[in-house]
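Here chain A shows up in two complexes: once beside chain B, once beside chain C.
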Partner chain A sequence: MAKDKRMGLKEKYAVMTRGLDWETSYQPMDDVFPYDKYEGIKILDWDKWADPFRLTMDAYWKYQSEKERKLYAILDAFQQNNGQLNISDARYMNAVKLWLQGITPLEYAAHRGFAHAGRSFRGAAARVACQMQSIDEMRHAQTQLHAFSHYNKFFNGMHGFAHLRDRAWYLSIPKSFFEDAMSAGPFEFVTSISFAFEYVLTNLLFMPFVSGAAYNGDMATTTFGFSAQSDESRHMTLGLEVVKFMLEQHEDNVPIVQAWLDKWFWRGYRLLALVGTMMDYMLPKKVMSWKEAWEIYWEENGIALFNDLSRYGIRLPKHHEVATKEKGRVTHELWSTLYQYGNALGLHTWVPEDEELDWMSEKYGELFDTMYRPRLLHFRAQEETGKRYFNNRLPMVCQVCQIPVFFTEPDDPQTQCVRIVEWADTKHHCCSDGCADIFNREPEKYVQALIPPQQIYRGEAGGARDIFEYAEWLHLVKDVDTGEYHGSPDHLNWEAWKAELPTPQANSDEAA
Partner chain B sequence: MSFQVTIEPLGATIDVADGQTILDAALRAGIWLPYACNHGLCGTCKVDVIEGEVDHQHASAFALMDVERAEHKTLACCATLQSDVVIEADVDEEIDAEQIAVEDFTATVARMEMLTPTIKGLWLEVAGDGVAFQAGQYLNLFIPGLEQPRAFSIASAPTEPQLIELNIRLVEGGAATGYIHNELKLGDSLSFTAPLGRFFVRKSAPEPIIFCAGGSGLSSPKSMILDLLESGDKRAICLIYGARNVSELYYADLFNRLAEEHPNFTYCAALSESSDESPWAGFRGFVNELANERFGGRFSGYKAYLCGPPPMIDACISTLMQGRLFEEHIFMESFLTAADGVEPARRSALFKKF
Partner chain C sequence: MVDKVFIAFQNNSEAQPIVDAILADNAEAVANETPGIVKIDCPGRLVVRRATVEEKMGREFDLQEIHISLISLGGNIDEDDDEFVLAWNS
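Entry: the complex of A and B
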């Protein structure tokens, strides 16, 4: 008998999974999979979809359950040892609040989105990849909640993230981002989330939060980050694969993919303004500035990726040069906006300490010193005379990204940038040419966006008549969950805990 | 103490230095393994250890789980060797790759000829059975007085194992090529290690073939084309060669003759130097431009083999991809010499080979 040749991993996987999908016979395939053609993407051969991970469901469960055991062992230890006292400063908690309110719901939305995309693809490999990612995302949402839940016992503003997600005006920024993706077709969804967000911009999202957590003594979040990273690599690979697959399958796909990359680069970039502001302002111990992160992760890595993509006939995303022009200002512009609207936020805002202002001067140079430092110092002076400034109204927000229309003209940081777009005799406001382009490409879609300030003023927020009644409708307690950090219960508690805290030596003596 | 790793299903065996990771050794040997973060956190580079012992080093407990460690998996980006090791990686098996053991040889310089003003042909006579190699492979030549050997592609066909032909361009200021051009004499003895490299023709794939070669990158394609034609391969084969000017164009007679003898073989050349005023009725421009013209900008359905300096390879890849021929159908041997002096451009993880 001829010696059996050992099967390679790839071959083994093919044999194990062969024929798990099938061509339907009672119903036409197009009726069973009604969504994977209407975006115009042409697929000639689904079998060309490379399945880089070749993970069986059996192995998947085994790995994930071991990850859970490790993560929860560390979370237990963190909680038993009052890990909340090890963070750098209570101001750091506002980064965690922003994550909990803004990002964790996105993980859950991703779970839903990938379940839907997976159901929509007629290729089995793409379906399985989406299915696993869908389960990953559910796990990420749950493990994040568990990692953060301990902090909820000690800090304010963390009690109602799901309630806030559907009601808070500023959380419509991340929420609308994902709902835009989820209401697109399956190919656009995977391009937007797996490629543009999780591949191209991932380091600008994940790094600041996870490294920020590590720098600021947040063991719970750091450990969550490690447990998620091995999933993230699978997600990034899915992103690369789907884009290569579409580009290689048919040349008619190239302009469609280009339009999606233009759109989702800009949408992702706008969403990251929140993350950048977190990096620059909410981390008491800074990892790097938004500007530096943009230079490394976009200007170097992102552009290298697009240079490679140019071989497929893909060019750099539209308005990327605007994003680069804005790198020295978006975070300062956004922080001063959040600072003003602090009575309608589920987190605290403040004027940074002097050494932080110096750090910003060092990182942002003259522009910071001439434009943003004086404004921050003005805010501080007002606060010191008992007149902490709040803008007790709600801002006009962009019809697309839903960020307040406060950004400045690409070539003039002194002039507000407003773009008015028109459709069906109605005018809408956009924050930038990038968002205006997105609106004009699909106006029918974006006119349907419910713009929170407009809805609130129409009485749709439980009939709230002003920003304070609105905050109550959000279940936020004035000056406890909202408002200025200095003098807040979070601030005062932290000072009290730190004052009581025995020194490490005393602690070890007691243990002995 | 260094060990060797054998990478299945390729069957390639490479040296791994003390403290060097498997991934680093593989990538440096031109073998692509899947990887992403390159520091033990993501798990993309997970491989099976079939034989031998590795040290997992700082692989994350979340990326390489206990159950996986128990099942003899490791992360190639972290693992170092404790013994000779056999791993199985998730890479495509190369059914057309011949597994030929690397050996050390001593040869005599039997013939030398200037093929162009800068390229010297060198014929090395090897006693006994000669050198077994697969067309497209290279050897590492030891130059008297130089510690590190230099890599040169073999230009002759595998059917002539006792007479190995190399085509060597004089690199300005290059110690090795300077020695070969200026000091080497007939009858001198040289030692080398061969065969090396994983550039070879995928003969089992039925597609017609395009070879794109530039400068002294003609060696491997010449060996591959001779091998294909000698073995009676009937598929369409096209060689597109690029030189700077007429005097640097070499083996045109050989390829024109082959084209007359074999109806399935075509040959064309491009001259790139715009200041060149010599008479030339052929194409002026770069290899990729000539390819574009010959094939009407459509390359799907072919296999392409590229050999030459990095800028030529890069331009050819772009042209081929814009003509709808993608990574899995493109094979290449890129060589850097001091004369090229170009830093490879920063690349993303989009492509495996490019």
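Entry: the complex of A and C
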């Protein structure tokens, strides 16, 4: 019998990622790759870069096409069988709106960012990895839009995500996060997105939240979510490898990488307040609280990762202990903020039902019962007397993360946390010591951030004079796309659709 | 305490033989299910052996096929044609 002449995995990877390029002679290499040195990262041998999955381009296409075939078969079935009626409750759809408005554009931004980073690295294996990820991210944006397009036929607030992305004050939170990364150098970009965001933090989005989507009957989100996450495990692995690669190449890289980890841990953590709020408040059927997810994915898995990196002299990211102190409150603080500013959001907000409040009491304990439940009940009482509370002015937002300055002091959940930073005779507001540190490290960068509420009140939002005119400029229809859920067209439609459905028959076991 | 590595798969029939193989080959591995997901935690080190997966699956299996149903993982990876290993070095 002829011996199997196929190459083994390690051999194939070496052949298909090494020796693909050459030293340029007409132009100096530094002119061909102008961005991979200025950040101060020293690389002695690019061939030390290795993808531990050893995925080569041919295998990549093979497995990606199989993932796509599976995904689109399910999306077809979902659309053909009125899958929108199988969700737990129409309130759930607001998590999908926030995903479409806030997260899908980040996938597209990641596609652009990795294309740029890939072009910038002079090592071929690094370029191959960035190329795969750039294509993945485009796939994620496309599959999400495709999946959500079905919901757009039935629910409001999903008609103009691209228009909203560049104009909505609350979407500057995710947008500015990615633009901060994309305007950094290629090594910082990959550290921020692949490592700090994808390895350390996106498990919180794709594991408990997508599991929650499954539990709430959203077949479309579950399917693209897991399909995307299967790519994500490759991205996370790339993130860990790029960090180890930099740390192993030169000891001078260690403090640079540490500073990036400090910065991007905090940036990513702040962004995830939105995801935590989706989990705790926007999933009518609950799977796991933000606090529990934080304990599993940061306190257990994330800290294990940093323990592993300690052999290079890397320590836990700055302010991680503050994030842990905040785990019992961020989602409650953010939801009450979204609730108030509901007239300027492309989604609905509401006071949770009694059984949901009881679930929160069980998960969050005394802090919830003394601080947040009374406030939610107060909102409900106002609503019942026809005085549903709206704050019709836009909030002051943090100069760095662009989240409204509503978080509380790490050791005192009753005192608002505000940090004022100064640069070149101007004062700026930050939400936390974490964001103030980021500002103070690169003030020249962050003073340039356009802060939406200021810009809107300066008349830069089509001359809008108040938030109602501003919402019109966003193409949001008052009380249809915005405002309170109860009594909204989404709510009334849902009740009507469910009333038309035949009453489920009791099965014979229950009948007997 | 030894830090745990983890690997998570979609909870479907395609991934089931892989999960079974992992639980058979790693005595300390524990599977935790949430809707749609099965997450396997294991102290220190976890191995996926091609031979065991093939036995459970009843067909030939390329370890890179795990990409189809993989959701997430935590740990340093070392992969060749016969074994996929996740480990913390600390």
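Keep in mind that, in the parts below, the second predicted complex is superposed on the first by the 485 of 512 C-alpha atoms of A that agree within 3 Å, B and C clash if a C-alpha of one lies under 4 Å from a C-alpha of the other, contacts with A are read in each partner's own complex, and residues count from 1 in each chain.
As a working rule, a contact is a pair of C-beta atoms (placed from the backbone, for glycine too) under 8 Å apart; a residue touches a chain by one contact, two chains touch by 3 or more.
Model, not experiment: these values are computed from the prediction.
Applying the stated contact rule after C-alpha superposition, one finds that A:L305 touches each of chain B and chain C.
With both structures placed on the common chain, the touch criterion links A:D76 to neither chain B nor chain C.
By the touch criterion stated above, A:F226 is placed in contact with chain B and with chain C alike. Contact with chain B, but none with chain C, is seen for A:E251 once the two complexes are overlaid on the shared chain.
When the two structures are aligned on the shared chain, A:G313 is found in touch with chain B, with no touch to chain C. By the touch criterion stated above, A:E384 is placed in contact with neither chain B nor chain C.
Comparing the two interfaces of chain A, the one with chain B and the one with chain C have residues 8-10, 52, 54, 63, 66-67, 70, 226, 229-230, 232-233, 236-237, 240, 300-301, 304-305, 307-308, 310-311 in common.
For chain B in complex with chain A, the residues that touch the partner chain are 8-9, 34, 36-37, 41-44, 48, 60-63, 65-68, 88-93, 317-318, 321-322, 324, 326, 345-351, 354. Against chain A, the residues of chain C that register as touching in their complex are 3-6, 8, 10, 34-37, 39, 63-65, 67-74, 76-81, 88-90. Residue ranges on chain A touching chain B, taken from their complex, read 6, 8-11, 52, 54, 62-63, 66-67, 70-71, 226-227, 229-230, 232-233, 236-237, 240, 244, 248, 251, 300-301, 304-305, 307-313. Every residue of chain A that touches chain C in the complex is listed here, in rising order: 8-10, 52-55, 59, 63, 66-67, 70, 203, 206-208, 210-212, 214-215, 222, 226, 229-230, 232-234, 236-237, 240, 287-288, 300-301, 303-305, 307-308, 310-311.
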